[in-house]
Every structure is written in structure tokens, then in C-alpha cells.
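Have a look at these structures, which come just after this line.
The same subunit A turns up in both complexes below, where it pairs with subunit B and then with subunit C.
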Partner chain A sequence: MAATGSPAPTPRTDASPRRALVLGGNRIPFARAGGKYVRASNQDMLTAALDGLVARYGLQGERVGEVAAGAVLKHSRDFNLTRESVLGSALSNETPAFDLQQACATGLETVVLLANKIRLGQIESGIAGGVDSTSDAPIAVSDRLRRVLLDLSRAKSPQQKLAALARLRPGDLAPSVPRTSEPRTGLSMGEHQALTTAEWGITREAQDEIALLSHQRLAAAWDAGFFDDLVTPYRGLTRDANLRADTSLEKLATLKPTFGLTLDTPATMTAGNSTPLTDGASTVLLGSQEWADAHDLTPLASVVDAETAAVDFVHGVDGLLTAGVFAAPRLLARHGLTLDDMDYVEIHEAFAATVAVTLGAWESDEFCRTRLGLDGPLGKVDRSRVNVHGSSLAAGHPFAATGGRIVATVSKELARRKAANGDDRPVRALISVCAAGGIGVTAILEAA
Partner chain B sequence: MTDTYLNLVNSGFTKKIAKQLGLPRPVPLRRHQPGRPLVDGPVLVLGTGQDADTVAHVLAGTASSAATDARAADATLLAPGWDLDVRRHAAQGERYAAVVLVLTELTHPDELAAPVLALGSTLKALAPHARVVTVSRPATPDDGPAVAAARQGVDGILRSVAKELRTGATGNGVVVADGVPVTAPSVLGALRFFLSARSAFVDGQLLAVDSDGGSLPLDWDRPLDGKVAVVTGAARGIGAAIAETLARDGATVVAVDIPAAGEQLAAVANKVRGTALQLDVTAEDAGTRILEHAQARHGRLDIVVHNAGITRDKLLVNMTPDRWDPIIAVNIAAQLRINEQLLTSGDFTAEPRIVALASTSGIAGNRGQTNYAASKGGVVGMVRATAPLLTAFGGTANAVAPGFIETDMTAKIPAVTRQVARRLNSLQQGGQPVDVAETVAFLASPQAGGVVGRTLRVCGQNLVGQ
Partner chain C sequence: MTAAGGTSPGVADLRREEVVLPGVPSLGRLYARGAAASGRLVLARRFGRGPVDLPEVAYVVAGVQADAAHLTAYQHLLGETASDVLPAGFVHVLAFPVATAVMARPDFPLPLAGLVHLANEITQHVPLRLGQAVDVRAWAQGLAAHRTGTTVELVTEVRLAGPARELREGPVAWRGVSTYLAKGTHLVRGGAGDDGGAGVADGVEGTGGADGRSGSGSGARPAFVAPVPTARWELDAGTGRRYAAVSGDRNPIHLSAVSAKALGFPRAIAHGMDTAARALATVGAERGDAFTWSVEFAKPVLLPGSVAVRVAADDGPGGGWTYAGWHPRSGKVHLTGSVRPL
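Entry: the complex of A and B
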């Protein structure tokens, strides 16, 4: 593997653990913020996604090994969100669960974690998932008001109580609304991407083309019934509400830029080539081969491996959403694989430019040599292999639910391709999901 | 949908008024609950001859001791659960829960008087929700004229008696083909169905038993144990009730509906502990996909219930292709295509059952429903021609024709029209989705194997049509 450079591949010396298999998935259609799910809580949506999965695979009353899910925007009362959702679902109440949070990579990380547990033999089955509601986002009180209220609860005498209350100022009463800005830079995710977009010189046209393709491919998949066994309608919504099947480059070109307005370069990022705020939930059913056989389920894909990277976007030179660029080559090297071995590449479309930058970086001889420590470009991925059924620009992006959407969708596609090939050739997919904090999670899936 | 009128005439002050005014007074029907007795009281078996004796012995659970008919002995051994309090002579003051008239050996209309008048003498004292069931032979061109006259007379008697019954009582008949013994599984199965609360809204119907096919269940409360059933249009209303009823009777249910109905479909699948399959039945490969799902997930496919259906009412003078074509596509063409795929698969051959939903509109016609009636009449014809294709495998195909059933569909009828429509049958009320479901479950059961290509109405003896 001359092209992979450092770090050197670590040969697997342990007895190969058993396979962890993706057996299926279910999500609810994704709604735009303030849309059909405006009155639905994270728990409501995650429960619905679980119940749809249970119905599809006949898991009523089943004690699943473990359910792992999470939400990025989460009420403090939802500390046990996943377990509470399990209790409200048709699964056995003896199914354990835990919450996990890794910003937008939450969904993919739950898949990785449960797959690892299955590979180690700790569990036989698992349901990974994620949910997010920007419509039902938590609103907190200001830090000053919070301190006053806490002191008030601890005060014993009326004097102490009055003293605590006397510290309140009218401005303290303003609520604190969750933001998507990075705590260490104060920049929103879009502004961060705008910096990277400008650095790589990604044009408006290139971004709009990615957005258009996403909508066209997602619409085609819906029309072909591809999502009939991946999605269960919810609250009257039967398709992803953000999908614009009839959009065009002309329409996308009319949108005003929303990010990067203060930069020296032309602003290129619009509402059309950035993901909207979205509500939704997704789940992925995982299991061992034995568990799949015992439940008459046909495995779609196996979770081969995963790698997470992080970039120093605060003081370093790398863009906030570029960690996947770093994680993928390490992951491929570990398995002696190249991008050419990947039949599908799924790159979460946080922004169209995120996809363009990621693919561009892997194609760049200089970047791959200087930043990735490779001997040359990682490789070029034809767009026909990237996000083949559309991605977040069209479907929307309920933060923690995106990983589950991608894993279930690409697993079905892998199984379909393998069946169409009709031979033993491996069919693989690389998934890359960027996240706040400069994190990027990647994973390789292979048709079962 | 609540039937307010029915509630009013059954409670308090308004009940008294209704009685004094002589208004129609429908009663809430007795419906099946597993574990409840088949009938609440003694059963009178009328009629003379070997068949009447045999039926009486089977009902009493004493057929083996009678030892007159080997088949009856087998039947009771195979299917315990017949230990009714059977009487053979009408007694003054006795309150019968059911009267069974065995009239299979008629040779002349003169012979009708004795059993029918005996039946008449019991009617005043019938228990609430009582059952009258005739067992007779069909009148065919091969019969002598007097025999045929006597046999066809039973048809008129039964339909008239059913119209005279009150307080939730029903009258139905089993018409046993010549050469088929009265102990055939489907004769006993149909007899039991008509005696039971499962047939609450089936009234004035004569069900033909064409052969001695089928078998008696090991457990009358779970006749579908081990069977895998597919129900289309299962997300709501009658389809959801069918899924629940088949599951209650022991079947593993695959609930099918269009993807857009997935949320309700998932709820139904979870309730019956089956699986949900989001599938448009008009898809070219729907039958293949149904079979693949059932086999992959549940190992087999035994029962298919074609329930998915739509309406687009319009007077024929205003009918347009966009109102005609979808009805044909969903209500009948899809069923034909699915059946063909199942029948040619080679994997639908273990005593398979097809039960399709027809409608009284398809039998009697309905203003504004030429399209719907075409499709539902089509269902009646389809099962008649499909069943013979299945008999070689011990299978059969039959249809259920609902009358006025309380569903979302009938809830859309204007209020006054709806009130009138409900009263236009002998039970003077609308049926419930579960009433249709019970009949579907019966026709899907092992004991219905001798019912070949028939359509059974669930209409409370609606005044329209046959």
C-alpha cells in the first residue's frame, strides 16, 4: 500500500471477531423545523421510529440487547431519552438503553458502538438511532437567573430569599436559546464552512449542482419505492418535507447567499446548498448472524470498521467540518483498501461545500502529502458513487438522526448491488459524517 | 361511529318511549369472546331422519356413543367442544338459545309443515341473540320437481323467519351439496359459525357447502394456529379488524397497506404482533413481494385476505376515467394479479385460503357506484373461478360481502341518509368491522375447506339484493 503512507497499517493480530450486521432500519420522514412535527418531542419521534422498526421486523415484546440513541438538542429532563422511548415502544420493557451524544455524528457513533458490542459478543442485537427536534428545542434561562434560582432554593430564611431575589436584573429574564455556533470561535457552523469553502475556492455553481443532484436522487428513490421499507410515515407526513423534486439550477441560482457575507471572496453558500433545520428520527437494527438467523432476518451489510478524527479548527489550519478527510485514509489504510475499493461513498451533506471540499482534498496531491502524510492523492471518487440516493441537502438534517438515515439507506443499497452482481465480489461503502467541535466519524460497511 | 339511536332505544326513558311508539328497537349484538359458551342455553334440533339424529348427536358431543356414523365419531374425537344441551322435541315454556332444522331428507313440500310449525312454536320464547339454522340440500335441475320444490322452499322459509326474529336473533342456513355428509368439516364448521356469536351480523344467508374438503380444528378458539396470513388494506377499519381477528384465532399476520398509511399500519402490526409490509397492491410484483416477505420472515403463506379497496362514487352519467380506472385497478385487477402470482409460484399449495372482500353493492347494485359495483361484482366472479384452481391442494377461495358497516367510509354518508341506511336490515343497525372480520376468519379456517368459491354476506339481512 504505497499510497497510504503514515500512519502505517496496523495488522489485525487478534482472532477476527464475529461480524456485526445491519439487518434493517426505519426512520420517520424528516420535517422542516416548525412543520408537521412542531408539537412532537424528541421522545415522541424516537418512539415512533422504534415502533415502525418493531412493526417492520416483528420485534414486539422482544428483549433487544441494547438500544443506543441520542439527540443533539436535548432537554435536561430527557437525560434518559432512549430508555424512556424504549419504555414507550412495543419492545420489551426489559430492553436496556443508553444515551449518547457526539453532535451530528451521534447517529453513526451509536451504530459503531453497538456493532462493536456485537462483535465482542457482549450483545446479540442492538438498535442504534438518533433524533432531533429544532422545533421543540430546549430553552434555558440565563446563567445569572439560574444562579439566583438555585441560591433561592438553598436559602432558609426569608431574608436570605429576599437577598437572592434582589440580585435579579430585568435583563436576566431573557431566555437563552440554543445556538449552532462553536463555543470557542463564536462562529456559526455555516460561517466556519464559508471559510473552508473560500479557502478551497468552491464555486456557487459547484455547490448548487451538488444540491440539485441530492434533490433529484432523493426524489427518484422515493418515486421508485426505495424507501418503502426504510421509512414509516408520521403525523401525516409521508415524504421528507424538505425535498424539492422540481428544483433546478435556475431556481437555486436565485437564492441569496446567507454565509460568508463578510469575507473578501464572493459569498456562495445559500439556503439551497446548506441543510435546513429539521425534525426527525432514525433507527438501525443490528445483530449477529445467529440472532439474524433466529429471527428470520436477512442481513443487508456488515459494519466492517470505523475511525474518528478531530481537527484543530481553533488554532490550526483545518476547517471545522474537515475531520472526515483525515479519518477516512486512516480507516482505509487499516484494511489495506483504497477509495477505488469503495462502491459507494456517503458524505453527509452538512453543506454542499462540505462534500466538494472533502472530495477535493482527497484528490489534491499537495493536501494529501502535506496534511494527510500520504505519498500522493488518496484518490478520485466519481460523483456517480457519491450519495447515490441523495443526502442531507434534500432529506434535511435532524442532527443525531442523520447517521441512522445514511447507514440504513446505504446498507439496503449494498445488499441490492450485491444481489444484482450475483457473485462474491465484495461491495463496500465508506461513510463520512462531520460534526461540531471539529469531529468527523467514518465507517466502512460491506454487503453481507 | 356511535349509533346514537341504538343507544337511545336501549336505555332509560327513551327506551320506554320507543316501545310505546312502536319504533324499531335494535339491540346491541352479542359478539364472540374466546372462552365464552357457544350458545347460552339449550339447543333444539328439529327434523326427522338419520341426518337429524347425527347432527343432534354431534352437537351434544355424544356422536361416538351413537356409533351410527363413523365420521361423526371421528369428528367429535378430533374436535372436542361440542357438548351442547340438545333437545329433540319442542317443549312448552322452554327458552331455546338455538333451533337447528335438519331438512336434508325432504322429498315434497308437504313435509315442510311439521318441522317449520314446530320451529314457529318456539319463536315467542327464544332467548335473546338466539340462532335459527337450517341444514338442507340445494335444489338442482337433476332433482325431481317435488324434491327441488321442497328444497327451494327452505330458502324462502329461512329468509322469512330471519326477518321475523328480534332481539339480536339471526337465521341462517347451511346448504349441503348432494353426496356430502352432514358431518363434513365445512357443514359442522358453518353450523358452528352460525350458532356462535362470531356470526352476529350475518343474517338471512344460505351458505353452500360444496364438498367434504377441509378439516376440523384441534381448538375451536384457535383454528388458525400455525397459519401465516396476509391482510391487505390492514391499516384501518375492516382491514385492521381482520388482522386482529386472524391473530386472535392463532394466525401470524402480515399487515399490508400503502406506504402512506404506514403509521397506522405499524400500530396494527404491533398490536397483533405481526409484521408490517408497506406495499401498494397495484404494484406489478405485489404478489411476489407478499409471498417473499411471508416466506422469508414467517416461513410460509397460508391465507391471503384481499381487503384493500377504495371508492370514487359518481353517477354513471358523470363518470370519468380517473374515477373509474383506480377502482378497477385496486379493487379487482390487483387481486387477480396477486392471485395469479401466488398460484403460479408453487409455494401456495398447503391448503391455501383466499378470502376477498366483495360488497352488497356488487350484488344488489348501488346508485352512484357503477365503478365500485363492477369491481365488487368482479370479486364474486373471481372467487367462483379461482376456488376450483385451489381444490387440488385442499385450498379454496371465497368472498365476504359486507353491507352497512360502521367505518370511516360510512361515517362520511350524510347523517339522515346514514340513519336510514342503518335500519334497512333485519337487525336494524350497522355492523361492526369485527363482524366482517369474523366471517373472513371463518372462511380462512381449515373447517371452511368445503366452501368453494362462495360469497357470504355480512349485512344483517339487508333489504337489497339476494
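Entry: the complex of A and C
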């Protein structure tokens, strides 16, 4: 079906700026929190993912244009996490790097930024990535202890030092652990999604079906060897540890709801249809056509464009994880494209309900008219095109590493489909990743 | 001389005797004095004596200034951006002890100890900034009958201090009206079967099972129906102590379970102005420089405790934002209010 009122497709102008190409990717299998990577730091895992990429594409000693990566949960010592990882990797020590953080959209944003630099001719190649560990999460001292310690370090006389120490109370010694709640609302991401899930009336069954499909598709991709050239084993892990190939709707139905327990509507969100806390890292190799040719690499896809949106969840205007719903139509309109032009739609499965709400909102005539300013529904996406090799519910979601996982996976799929088509028809994918703070990043990729 | 502030009471203001205090008094000392005065008042009432009218005085303190560290501590605690603009709730903290001094007078007709904070309305006409000296003026007005006692309004006005430091020279920059209830003290007769909407005064007895909301019987106020929440406050046992530290208001009912029990509460309760200020902070920068921020308090928040919260734009004619806080499981309302740009 065609979205009514969408602008007619206009010819793309590739003359300027030039294309930025996805040349490959590499990640380590994702582990469950407290699992195989329990003692591995963010830097350890990012370096492992980088080294796997270097080995796969023969980049030993290479000076890459720039490496951009990030982590959501960072130790204060990790102020230069990506550069330190580069220094520890087999890349040339003359490879510059920078850290980026945009909550769960970090990974996708690093791809967008480096692709833009390549398109502008600022760099010829880049590695985008992300990493997160919930097992090795930073724990800080309490604010009061921190103030005492800081005052102590500034104190000059013994009297001043004693006075600072005298302010300490036993309770101040309790550590401060990172919270997953939104700073301005105090609600966890799950509780925020539960509000949106209830608003859209997403059923438990619909969510469990999305979760089941995610596990089945990811398992099938692993079994088919799809990830053989996208993943490097690490610390004894050769597959994503969260994957439950044998799960079923019956098993998922036995799980107790964990979010939305105090709402008027039945609680539907469980550990089975929500992403678990995960450790892992991912990388994506990007480059210009010239750089790809010089390195004898076959481009998989080009990064066409990206759009980021944000919503006002603080005042209850829209759901915390719905910004991608707003970003995608703006991005499509800019290119005169519709959802029907997307052969693949990748929606990060923060929760199964996030996917259901996103697709439901695009199908809703009323929502698209009143909230998106469209003439009618943006469109309906058949589930056969959504998250075709599984997504975060099955693979897990090491926050900043998810964008890189999705980009590398879907780029390979785009190239595979283009080759299978055997013609010049464009093959495209839309990616949407929601993030804390009411942010959503979307991007269009096209088979190279 | 006329006060330029649009909300100044004009004539009524002038008939009050002006008492200039050397500085903002300490709330702790006022509470001690108020407690003693309350005791005497209870005794006098028993013999059919004691004051029945509000003292015709206005207390004035000139040249009050905020301290940067105090301001920062307040802003961090309440979730405000640590800008140089004083949050409206911080001005309340700064100025309200002057109003409390009026209530602690021996001739104040209601006992300070045990007063229940029913409602508060603050109008911020122009923003006040760190480094600006302000004059504070406070008085009591509007003694009124309530079905369970007597209510009174404490009015506090804050003006930017003029260059020559003449009092009441500038327009009112900030004005606060705090409504208190003295339960069981009936000074004003008749007329007030319905009491201006403050409704639920559960501050003292209503913390148990029976809720004053359903027992009010007046039917004037629609029952609170919990809306879809937008936030949740997890308030730990130290919440009252932390607000006491930034507000100077160390009323024992807020500090610990033990001290609150001594005054008839099952556990410590959160400061009402703490919760109202959190809601104001959640509205955020969109509220602008000039606004009216009002709150009505219902059931106290027992600590530790969770409060389900909604802060959302008001689509009605009033505009601005409305907010509410309620118990996430029982649905009983703790506070409701609004923030309306001027």
C-alpha cells in the first residue's frame, strides 16, 4: 500500500557529496550480565571487537581515518575509551579516535557521524562502534563522601583535614550504583514503555510473538552461518548467550510480568519480551569507494542519510521510546521514499512492545494525522521485513553496541539480497534505534 | 505611598503596624517560641480567654540575600537547574521564616504547633537572581472557618531592594500565600460550611485507614481519579532531613519516624513544599520567568514512600501545566497543583 500524500519519489543526486560505504563489521558474541565477560572491561571488549575487525579485513598497522565509539555506562577513567582501545589494538597508533555517547543510540550515531565525514571528504575510512558492560559497571561513592574527599584533597592544614573528615557519617560510605531510571521522571525505561504499551493496548501475546520470532530468526541465522564473518568468539563464547533457540510461546507465557504492575491495565511486559542486561561490543568498517578499491574490499551498503528526533516524555506528551516513530517519516520524506520502498526495517527491540508500538503508530491514521502531520497512515510493514535475523530480544542489548550490530547485520543482508536479485533494483533498509532521554535515531541504508 | 505591585493589598496593608526585624529569624527558635505560645494559648482557651483576632502587624526584613552554596544545595536537591535565578520555592525558603515570626507571636490566635499546611500559591512576577538584595514583608490575614477548625493565610511579599534601601519601594517581585489550618480551634462562626476548596486536611489525623476525602461529606470537590503517571518519586527515609537541611525547617514530623511518632504520625512525612517544588522543577524551563505556582495538599506522604506523579500541559483555558501526586497503589491523592505563566 502506498502512504497517501507522500511526495513522489525524486531522483537521488549522488554527484555530491560522495557515498559513504559500509564495508563490513565485527562484534563479539553478546554475553548475559554476570556471564562470560564478567571481569572484562569496556576497553577489553571494544579492543577485542576492533582486533577481530582488523584481522578480518587485513588492517594490521593501518592508519584508519578515525575511530568513533562509545559506551553508555562509563568509568571516569574511560574518558578516552576509544583512543585507548585503538592504542591497545593492532591498528596503527596514529589512528585518531573519539568517544561519543547518545545512550542506546550511541552505536548508530557513530556510524552516522563517520559516514558524514567520509561523504564530506574529511576522512577516507572509519571504524564506528560501541561497547557496554553491565557486569563491570562503574560504582561511585556517595555525593557526601565525594565532597568530603574532594575537600580533604584541597585541605592544607591538619585541622582542615580533620574538619573535612569529621563530616563523614557511616551512611555516607554506601556506594552509589548507576540507575536505569530517567533522571527527570524517576521511572525506569521498562516503566516508561509499560505506559506506552498500555496506551496502545499492546497485548501480552503480541509481545511474546515478537520475542519468539526474534529468538527463532537469530537462531536460524547462527545455524546458517550468517554471523560467521560478522562475529569473533571471545572468552569462550561463540554465540550470543541470551539466545534461546528452543523457547516457545508456552514457555514465554509462564513468565511473570515485571513492568507496569501498578497501572490500571493488565501488566504484559516480562523478562521474556524485554531485553536483558548484556555485555558486548561491536564495530562497523566504513570507507569511501576509493578506499574500498585500494583495499580490495567489496562494499556491502551505503549510508544514505539519517534523522534524529526527540519527544517530550517529561510532560507525558509522547512515550519515552517513541522518537523513532517521528524521525522515520521525516527521513523518508526527505528522500521521497515510503515504507514500501524499504525492503528491510530494523527496529531495535528495547522491548517487544517498542516494535509493536512503532509499527502500530505508523499504521494509525489518527496518530499519523494528529502527531506526525501526515495526510494518512505512514504505512504498514509486513513482519517478514522486520528484524529479519532477530534483534535485541534474542541477541541481548549491550547499550552502545546495538547500533553496530544492527548496521553490520543489515548491511550484509542488503548485499546478499542485491546479489540474489541480480539486477539494479535498489535494496534499502530503514533502521530505528530508541534511546533514553526520549531520543530516537533513524537511518536509511542501501545495498551498494 | 502606594505599592506598585498589582497584587498588593493597598489600604489593608497600611493599617498594619510595621515591625522591622534585624534579619531573617531562625525557624528553630521560632518553633520553640511558637510551641511555648501554643501551650499558653491552649491553656487560655480552656478558660475562655486568649486572642481571637489576627495581630495587625507586618514583619519586615530588609536586604535579604541568597547564599550561593545554599542556593546550589537547594537546586540540586529539588532537581532544578543550578542557574543564578532563584527558584520560586527557594524564595519561599528564604522569606518564609518572616511569616513564621508572625505566627510565633504571643498574640497570634492559632497555635503554631500542629498547624496543617493546606495550600500554597506563589506568584513570581519577575525573576530574582543571586546577588540581588530583597526586602521581605509578611503578615497574616483571612481568618476563616473550616469544618474542622480555622484557617489563616500567611502572606509574604518580596521586593527588590531599592538602591537607597527604602522599604516597600519597588514592585512586588514574588508573592506567596500559605494557607494553614488549626484543627479543633473554632474562632470564626458560621458561614463556612464549605471552605474554599482546601478540602482535605489529613495532615494530623488522616494518616490512618479512614481517609478524610471520603469523609468530608461536603461533596464539593470531585473525588480524585488517578491519571496516567508521567513520573514516580522514590522518597527514602532521609528525604525529610535533606529538605530540612536546605529549608531550615526542622519540624520533627519531617525528620525521623521516632520524632514524627511523638507528634502522632506513624512515620516521618515529606515536606509539602518539597513535593510541590519537585513538580515545579519537572515543569522545567518552559514555565518562563513569570508564573503562578499553586498547590493543594491532601494526604501527607509517609517516608519512605513512592509517589506516582503526573506533570502535563493543561489543555484547558487556564493553560500552563497541572500536576498531581498520589499513592501508586491506593490512589489516594497527596497533592495537586498548577503552574500558569503570567
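In this section, the second predicted complex is superposed on the first by the 432 of 448 C-alpha atoms of A that agree within 3 Å, B and C clash if a C-alpha of one lies under 4 Å from a C-alpha of the other, contacts with A are read in each partner's own complex, and residues count from 1 in each chain.
Going forward, contacts are C-beta pairs under 8 Å (C-beta built on N, C-alpha and C of every residue); 3 or more make two chains touch, one makes a residue touch a chain.
What you see is a predicted model, and the numbers here were worked out from it, not measured in a lab.
> Overlaying on subunit A: subunit B and subunit C, fit or clash?
Here the two partners, once superposed via subunit A, fit next to each other without clashing.
> Once the two structures are placed together by chain A, how many degrees is the angle at subunit A between subunit B and subunit C, based on Cα centres and rounded to a multiple of 10?
One gets 150 degrees for this angle.
> Using the superposition on chain A described above, determine whether A:160 touches subunit B (first), subunit C (second), both, or neither.
neither
> Of the two partner chains, subunit B (first) and subunit C (second), which one does A:191 touch, if any: first, second, both, or neither?
A:191: touches subunit C, not subunit B.
> When the two structures are laid over each other on chain A, which of subunit B and subunit C touches more residues of subunit A?
B
> Figure out whether A:203 sits in contact with subunit B (first) or subunit C (second), or with both, or with neither.
neither
> Answer with first, second, both or neither: which of subunit B and subunit C does A:370 touch in the superposed model?
neither
> Which partner chains sit in contact with A:55 here, subunit B, subunit C, both or neither? Use first/second/both/neither.
After superposition on chain A, A:55 lies in contact with subunit B alone.
> Could you look at A:176 and tell me whether it touches subunit B, subunit C, both or neither (first, second, both, neither)?
So A:176 meets neither subunit B nor subunit C here.
> For A:92 in the superposed arrangement: first (subunit B), second (subunit C), both or neither?
neither
> Per the contact definition in the header, classify A:262: touching subunit B only (first), subunit C only (second), both, or neither.
In the superposition, A:262 contacts subunit C only.
> Look at the superposition and give the distance in whole angstrom between the closest pair of CA atoms, one from subunit B and one from subunit C.
Minimum C-alpha separation, subunit B to subunit C: 45 Å.
> So subunit A touches subunit B in one structure and subunit C in the other; where do those two contact lists coincide?
Shared contact residues on subunit A: none.
> Name, in rising order, each residue of subunit A that touches subunit C in their complex.
171, 184-187, 191, 195, 198-199, 262, 313-317
> Once bound in the complex, which stretches of subunit B touch subunit A?
It is residues 255, 259-263, 265-267, 269-270, 273-280, 283, 296-299 of subunit B that touch subunit A.
> Along subunit A, where are the residues that touch subunit B in the complex?
48, 51-52, 54-58, 60-61, 90, 225, 227-229, 231-235, 238, 296-298
> State the interface residues of subunit C toward subunit A in the complex, per the touch definition above.
It is residues 79, 228-234, 238, 282-284, 308-313, 321, 328-329 of subunit C that touch subunit A.
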